[in-house]
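Both complexes below contain chain A, partnered by chain B and then by chain C.
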Partner chain A sequence: MDNLASENLAWIVLFGHIAIIVAGGFITVLSESLVRALMGLILTLFGVAGLFFLMAAPFIGLMQILIYVGAVSVLIFFAIMLTNAWPGGDESGNISGKKVIFAILASIAPAVFLGSAALRTAPPSIFVPEETEVRELGRFFLEPYILPFELISLLLTVAMAGAVILVFERRKKK
Partner chain B sequence: MIEAIPIQLVIMLVGLAATMAFVGLNAIVLVYLERKVAGFIHRRPGPYEVGPHGILQPFADGLKLVGKQIFTPKGADSFLYWLAPMISMAPAVVCFLVIPFGPHLQIINTNVGLVLILAFTGVNVLALCIAGWTSQNKYSLLGAARGVSQSVAYEIPLLLSVLPIIFLTGTFNLFDIATNQGSWPWQWFVVTQPLAFIIFFICALAETNRAPFDLPEAESELTAGFHTEYSGMGFALFFLSEYAYMVIAACVGAILFLGGFKGPIVDGWWWFLAKVYILLLIMIWIRWTFPRVRFDQLLNICWKWLIPLAILNLLITLLVIAL
Partner chain C sequence: MSILTIYHLVAIFLLCIGIFGIIYRRTLVGIVLGIELILNGAGLSIMASAQLTPTPNELGQAGALVVMGIAAAEATLLLAILLVVSKRFKSVEAGKLVTMRG
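And now, the complex of A and B:
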C-alpha cells in the first residue's frame, strides 16, 4: 500500500516537472517581453533541477540552480537591462505561418530522434535511483574522464580570454 | 489514507511552516535590535514610546506596513513586479530546512546542505533584478545593476573561503561539519582558518547587501535602490527576506567556523542561537560604524584583496592537508 502510494507520487512529481518544463519553454518562446521570456527560461531550468532531484542526484540539481539560475540567468538579465528593452516588448509582430511550421518541426525533431534512440537502446537500469556520493562523482571526473573534463575547462578559459580581448580592442578604438 | 502520505513530506511541510515562523520571529527581534543598537551607537535611546523601552515598536511597524496601500508604478509589468518580493522571500525559507539547530533539531539532514544554501541564496539576486527592472525607475535600475555586479563578484571569494572547510571535513553535510569540531572554542575551525572566517564574513556582508556594502540600496544616492517603488507588503517582504538572509549567513558562519551547536558543557540549540546572534550583532555594529564604500573600492576589495587571499589560504590549507 505504502509502496504503491509513493510510486504514484513519483509519477505525479515526474509529470508535474515535465509540465513545468514545457510551460516554461512555451513562455520563453511566445512571450512578447524579453524579461518574461527569461522568466520562462528560469522556470524551465528549475523544472530540470527538480528532475535531477527526482533521479536522486540532488548535487547536480543544486548545481543547476547555482550556476544556471543564480549566475547565467542573472547575467542574461544584466544584458537585457543594458539593452533598454521596454516591458511592452519589441519582439512582438506578425509571425508568418511558414516560420511557425519550421519552428515546430525544429523543436520536435531532436525530441523524436533522441527519444527513439533512448527507447530502442535503453540501458538496463534500476527502478529506484540511488544517490551517488559527491566524493565518488569527483573521483569519476578526475580518473576515467580527466581528459574531457580538463578540455572543458580549457574551452572556458579560451572563451574568457576572448571576451577580455574583445573588450580591450573596443576600448582602443574609442 | 493517512498512512499513505510519506512521513518525509509531512516533516517537510511542518518544517516549512516552522521555518516561516522562525523567519518572522527573527525579523521582529532583529528590527528591534537594529534600531536599539543604532540608537545606542548614536547616543540616543532608540525606539522608546511603544511599550516598555519601545519593545512593541516592530509590531507597530508591521501593522503600518500591512495597512499601507498597494501601489504598482505606471507602465510596470505588474505580474513580474509583484512576483519579485515573493522570489526574494521563498528561497530564504528553503535554506533553513537544512540548518542543524541542535544535535536532534534539523528538518532535513542532507549530504548537500551547504550547496543547497549557496544555490538558493543565489536566487535572491534574480528577485533584485526583476524588482529593479520592472519598477520603471532609474534609481531602481541602478540599484539592481549594482546588486548584480556586487553579488556576482563576491560569490567567488565566498566559495573560495568555504572550500578549505570542505577540504578539512570532506563533506557538504552541515551536521557533519558541525560535529567535526570540538566543544571548546579552541577546537573550532575559526582557530585553524581565521583568514577564511574573515573573508567569509566580509563576503556575507556583501552578499546580504549590508552596510558598508549596501550600495544596491544606498539611501543617500538611490533613495532606496531596487525597492524604491515598493509599498506595503511588497516592501515588507523584501525587508523580511533581507533579515532572513542575514540570519542564514550568520547560521552558516556559526556552523562552518564556530562549531554550530557544539559548545562548552552541554551541546544544544542554545549555543547555536547565541553564536548566531553574536554574529548578527557584529553585523549591526559594523553597519553603524563604517561608512559606505564607493563602487570602485567595493570591486577593488574583492578582486585585489579577497580573491588572492582566499586562493592563497586555500593553497596553504591543501598543502598542510597533503603533508
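And now, the complex of A and C:
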C-alpha cells in the first residue's frame, strides 16, 4: 500500500516536471520579450533538474541548477542587456508566415524520425534507478576518464581566454 | 511505454522546440536560447539512457557533466561574439548580418 502510494507520487512528480518543461519551452520560443524568454528557459532548466533528481542523481541535478541557472542564464542575461536587445522590440512585430512554416517543418522532422526510433527500439528500462555516490563519480573521473575531465577544463580555459581576446581586440582598434 | 521512452520523448521535445526557436527567432540572443534548450535535451537523454538501463551510472553522469561544461564554454564565447557583433553592426538581428568583414 505504501509502495503504491509512493509510486503514484513518482508518476505525479514525473508528469508535473514534464509539464513544467513543456510550458517553459514554449515560453522560451514564443515569448516576444527576450527577458521573458529567458525566464522560460530558467523554468525549463529547473524542470530538467527535477527530472535529474527523480532519476536518483541529486548531484547532477544540483550541478544543473548551479551551472545552468546560476551561470549560463546570468551570462545570457548579460548578453540581452549589453546588446540592447529590447529597444525597438527586436522580437516583436509580425513574423512572415513562410518562416513559421519552415520552423515548424524543421522541428517536426526530427520529432518524427527520432520519436519513432525511440518508440520502436526502446530497451526495457529499470523502474527504480540506483543512486551513485559522489565519491564513486569522482573516482570515475579521476581514474578511467581523466582525459575528458582534463579536456573540459582546457576547453573552459580556452573559451574564457577567447572571449576576453575577442572583446579586447575590438576595443584596441578603436 | 517504458519510463526510458518517456524521458527520451521529453529530450526529443526539447530538441525540436530548440530547432523551432533557432529558425523562428530573429535576434541572436533568441537563437542562443534555442541552443541551450537543445543542449539540455542532450544532457537529459544521456542521463536517462545510463540511469534507467544496466549501463554503469557513472557514464551517464559524466556525460551530463561534460555536456554542462560544453554549454558553459559555449555560452561564454557566444556572449563575447554577441558583444562584438552588436558593436560592429549596431544590431543583433540575424537577418542583418550580411557581411563577414567588420
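Please note the rule applied: the second predicted complex is superposed on the first by the 148 of 174 C-alpha atoms of A that agree within 3 Å, B and C clash if a C-alpha of one lies under 4 Å from a C-alpha of the other, contacts with A are read in each partner's own complex, and residues count from 1 in each chain.
By definition in this document, contacts are C-beta pairs under 8 Å (C-beta built on N, C-alpha and C of every residue); 3 or more make two chains touch, one makes a residue touch a chain.
Computed from a predicted model, the values in this text were never measured in an experiment.
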So, after the overlay on chain A, do chain B and chain C clash or fit? They fit
* Using the superposition on chain A described above, determine whether A:62 touches chain B (first), chain C (second), both, or neither. => first
- prompt: Just chain B (first), just chain C (second), both, or neither: which does A:70 touch?
  reply: first
Margin query: Output check: A:122 vs chain B and chain C. Expected answer is one of first, second, both, neither. What do you get?
Written below: second
Which holds for A:111: it touches chain B only (first), chain C only (second), both, or neither? second
Message: Applying the document's definition of touch, where does A:45 land relative to chain B and chain C: first, second, both, or neither?
response: second
Considering only the touch criterion stated at the top, classify A:12 as touching first (chain B), second (chain C), both, or neither. neither
(message) A:101 in the overlay: touching chain B, chain C, both, or neither? Say first, second, both or neither.
(response) neither
Across chain A, the partner (chain B or chain C) reaching more residues is C
Notebook entry, point to check: Regarding the shared-chain residue A:142, is it in contact with chain B (first), chain C (second), both, or neither?
Noted result: neither
Smallest inter-chain Cα gap (chain B/chain C, superposed on A) in whole Å equals 13
Chain A residues contacting chain B in one complex and chain C in the other 59, 63, 71, 75, 78, 80
So, in the complex, the side of chain B touching chain A is made of residues 3-6, 75-77, 80, 83, 110-112, 115-116, 118-120, 122-123, 125-126, 129-130, 132-134, 136, 141, 144-145, 148-149, 152, 155, 170, 172
Residue positions on chain A within touch of chain B in the complex are 1-2, 5-6, 9, 33, 35-36, 39, 42, 58-59, 62-63, 65-66, 69-71, 73-75, 77-78, 80-81, 87, 131, 133-135
Per the touch rule above, chain C residues touching chain A in the complex are 1-10, 12-17, 19-21, 23-30, 32-34, 36-37, 40, 43-44, 47-48, 51-54, 57-58, 60-62, 64-66, 68-88, 91-93
Given the complex, residues on chain A that touch chain C span 14, 18, 21-22, 25-26, 28-30, 34, 37-38, 41, 44-45, 48, 51-52, 55-57, 59-60, 63-64, 67-68, 71-72, 75-76, 78-80, 82-85, 90-91, 95, 99-100, 102-104, 106-108, 110-111, 114-115, 118-119, 122-127, 129-130, 132, 136-137, 140-141, 145, 148, 152, 155-156, 158-160, 162-164, 166-167, 170
